[in-house]
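By written order: A, B and C. Residues from 1 in each chain.
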Amino acid sequence: MKLSQLIQTLGITEFHLADDPDITGASPIEAPQPQTISYIEGSKFASHINSTTASALILPNDPTLQQQATDRQLAWLADPQPRKVFAQVIALFYQPFRLPIGIHPTAVIDPSVVLGQAVAIGAHVVIQAGVKIGNEVSIHPNVVIYPDTQIGDRTIIHANATIHERTQIGADCLIQSGAVIGAEGFGFVPTPEGWLKMEQSGQVLIEDQVEIGCNSTIDRPALGNTRIGHSTKIDNLVHIGHGCQIGAGCILAGQVGLAGAVQVGKRVIMAGQVGIVDHVKIGDNAIASAKAGVHSDVEAGAIVTGVPAIPHKLFVKATAVFNRLPEMYQSLRQIQKQMGVERK
Amino acid sequence: MKLSQLIQTLGITEFHLADDPDITGASPIEAPQPQTISYIEGSKFASHINSTTASALILPNDPTLQQQATDRQLAWLADPQPRKVFAQVIALFYQPFRLPIGIHPTAVIDPSVVLGQAVAIGAHVVIQAGVKIGNEVSIHPNVVIYPDTQIGDRTIIHANATIHERTQIGADCLIQSGAVIGAEGFGFVPTPEGWLKMEQSGQVLIEDQVEIGCNSTIDRPALGNTRIGHSTKIDNLVHIGHGCQIGAGCILAGQVGLAGAVQVGKRVIMAGQVGIVDHVKIGDNAIASAKAGVHSDVEAGAIVTGVPAIPHKLFVKATAVFNRLPEMYQSLRQIQKQMGVERK
Amino acid sequence: MKLSQLIQTLGITEFHLADDPDITGASPIEAPQPQTISYIEGSKFASHINSTTASALILPNDPTLQQQATDRQLAWLADPQPRKVFAQVIALFYQPFRLPIGIHPTAVIDPSVVLGQAVAIGAHVVIQAGVKIGNEVSIHPNVVIYPDTQIGDRTIIHANATIHERTQIGADCLIQSGAVIGAEGFGFVPTPEGWLKMEQSGQVLIEDQVEIGCNSTIDRPALGNTRIGHSTKIDNLVHIGHGCQIGAGCILAGQVGLAGAVQVGKRVIMAGQVGIVDHVKIGDNAIASAKAGVHSDVEAGAIVTGVPAIPHKLFVKATAVFNRLPEMYQSLRQIQKQMGVERK
């Protein structure tokens, strides 16, 4: 594809064609390749413009960077969101594997299952009674779907995932391999005779455009539901306990864990290995830093860090002093000695 | 079901019938529904009595709460363990999905396998040579069972779980979807030529009434066994290393990790994301708080918190001061200045 | 097997046969059994020599320990690496389960798949188009392999694992049950309209002799590859983000998590539950202690601990003072009072 064609396809209006190179794909700025297009996120990466072997660059709306590229006789195109355009370019050149439409003869599908149009159901899939599958849904090999589940249009469920009874998954969702959605929550009542199981009669509700990572687990509650909001993206090996309510547009990175009944607002970001104690409420747009342990409610827009989590700025300051604790301890002892204070 | 019938079924002797409402299910106190029964754990939730739309309440043996409900003309029943009764009510109204008895024709079962009576074996299950399956066992679709394994009576194994060779699982156990039991422990000997694999010739023993969560992993050791004690309940994404010995009645919450050869007593509770270093011993009834990192032995009954874990009370005090470290640092510097002490 | 035969098989030159006992297996030093051989790693375990019921011991090259064993009329053999010899002995007596050679009739294999010689493919395995499988490869039941994947000679893939499109796995690798290799990395571009998915067109490359633990996940990147170096061993429930480059001979213990594009050198050790922030570089032979949270680059050979991770020795000193913070706080207040400093 000629760069000019690519620019037209993307609808970009600010560009420098140079010799209008052929573009066969995209390459990352740290590993550029000829005949590809790469991208520069900002002036921090300006030095790459002088060394890149890529044939074209996606630049921000930064005249200095653009001039620098033009001077090197590099073709470029510019956009306020260069990373977004880069994602669009990758998508243009990438043909993802799609399961072919049709039902593999080894799939075991209960006669009561309602199937939409143009579904793709792989080998050894098992779909139990009362399940409803939307249009253009893809269910990869060895997935198991328990009874009375609903799967929305165009949703993709990858291999070896398990969807438990009564789960409702919206449209355009992506359930990665090995994920387990809707299994029994971890509910036991302490009694003098030991742990009494509380039956988990609720269900998991997953709204549209949600992504659930590989081997992540989302449990159903004793009553009511566990809900994952529209467009929320969940990474691998994440655990969502029974009864959690997660708002729209959140990001939960790898190995995050939420105990039961956590309430999370919209557009909340949890970095890797964050843990949230049960019944905690997290406000809209809040951020929990990597490995934070959140024991109490977090206000909207707050950034929290540490175990137990405290405001990020305070954590940074306190941690800086933590590293000087041995020195502080010596200083304090010296002062006490000087003042004649008795050491405890 | 009339409330009076429900009370009779539960064997409750202290109650106020009011107009003996019809009860069609249970509802949580935060989301009460008409014609359901809800529960109040204690006086902390007393305000809900005035606002609930539930038709009946399970109360503790608290005359004040009972009078409050009677005054609102609400039906109620009372028990010293209201949460236990609530669990019993949920179980009464909930009909959990059970795999139908019988062997699905797509299951691949070695001729040497010994099957108990009334077993339910789902589609695409694979059971290798020498396995013994007890009576009324349920094995959900796509489970794989390696050779020479034993599964006790009434145990349920959910979809896509894997049980490795020589594992012994007791009666009335619940293995959730995607769990991997009895795989090779992580044993490598450092040598000048690199990591030498130590073969893991041992086995995993799981006693009766144990529950293992979704995608959790329990490894077998080089020699001897990894043992999970009677009635111990393990949540999702938990890792139990090779050779661990876990006592009876323990609770391990989500994403807990135990390195090799950890010895855990009875009724120990580990909150979410706790990690235990190899060869550590944890005494009976000890508690490790969420995210604790336990590096040394813990006495019976102790509560430990932090990384490395210390007694919980000390941790709470030290953490309170941690948040004041920037201020302390300034104070110390000021004192040093005032005293004419040279700054390091 | 007579001990003398065993010694000959192992090629050991330093030994004391005593009455040349029959050896039927190995036993751990804490649970010795007659007619077995056990091992003593060093003088720390000398007391076991006096009490063991094992018939023979593997000892280090330590004349005192050897004399102690001889005095008890115990047979022994000695080597500079007793644990290595112990591993060799276990391997001699252990016959691991191997999937029988052949292709199970229920496996679904695309006609375009190229199969090596003497492969073992279990029941309900699914292998998609364009996959190449080397010689003597074992693929256990219910494994799913996506298109255009390559699996090297003698590699073993355990039950319910999933290998995604374009993944290349080397020779002599071991992929444990439930692992997911090569799924889409977690890449989303924030835009005013929400999270835009960045297609993950890259692949995962796994070099020879790598081991990946149960339910671990290794993601592919948007472009280029995620690489796991020769002989690196990864434990259970580990998450490796898109684009990570891990060197040869590393050890990643259970529940370790690496965000995207982390660069790890050779022979790096990460203890349990370590987390590494994206784009961090870890030098050769570095060690991250259990639960460390690594936010910045780590030099070769360094040992780091804590969140954020700092040099291990500093962490140990600072932590010791952390436990005295309440006392320090009191001391500081007392000094301020004595000096007439106003409390803030």
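Some observations on this one:
Everything below uses one rule, namely that contacts are C-beta pairs under 8 Å (C-beta built on N, C-alpha and C of every residue); 3 or more make two chains touch, one makes a residue touch a chain.
Just so we're clear, the structure is a prediction, and the values are computed from it rather than from any experiment.
Interface note: subunit A and subunit B, two copies of one sequence, contact each other through mostly non-matching residue numbers (shared numbers fall below half of all numbers used). One copy, subunit A, sits rotated relative to the other, subunit C; on C-alpha atoms the angle is 120 degrees to the nearest 5. Taking each chain's centre as the mean of its C-alpha atoms, subunit A lies 26 Å from subunit B. Contacts with at least two other chains are made by residues 106, 124, 142, 160, 178, 215, 237, 255, 273, 307, 322, 325, 328, 332, 335 of subunit C.
Residue ranges of subunit B in contact with subunit A, taken from their complex: 26-28, 31, 81, 83-84, 86-87, 90-91, 93-94, 96-97, 104, 106, 122-124, 140-142, 158-160, 176-178, 211, 213-215, 231, 233, 235-237, 249, 251, 253-255, 272-273, 290-291, 306-307, 319, 322-323, 325-326, 328-329, 332, 335-336, 339, 341, 344.
Partner subunit B is touched in their complex by these residues of subunit A: 106, 108, 124, 126, 128, 142, 144, 146-147, 160-162, 164-165, 178, 180, 183-184, 186-189, 191, 194-199, 201, 215, 217, 219, 222-224, 237, 239, 241, 255, 257, 259, 273, 275, 277, 293, 295, 307-308, 310, 314, 317-318, 320-322, 324-325, 327-328, 331-332, 334-335, 338-339.
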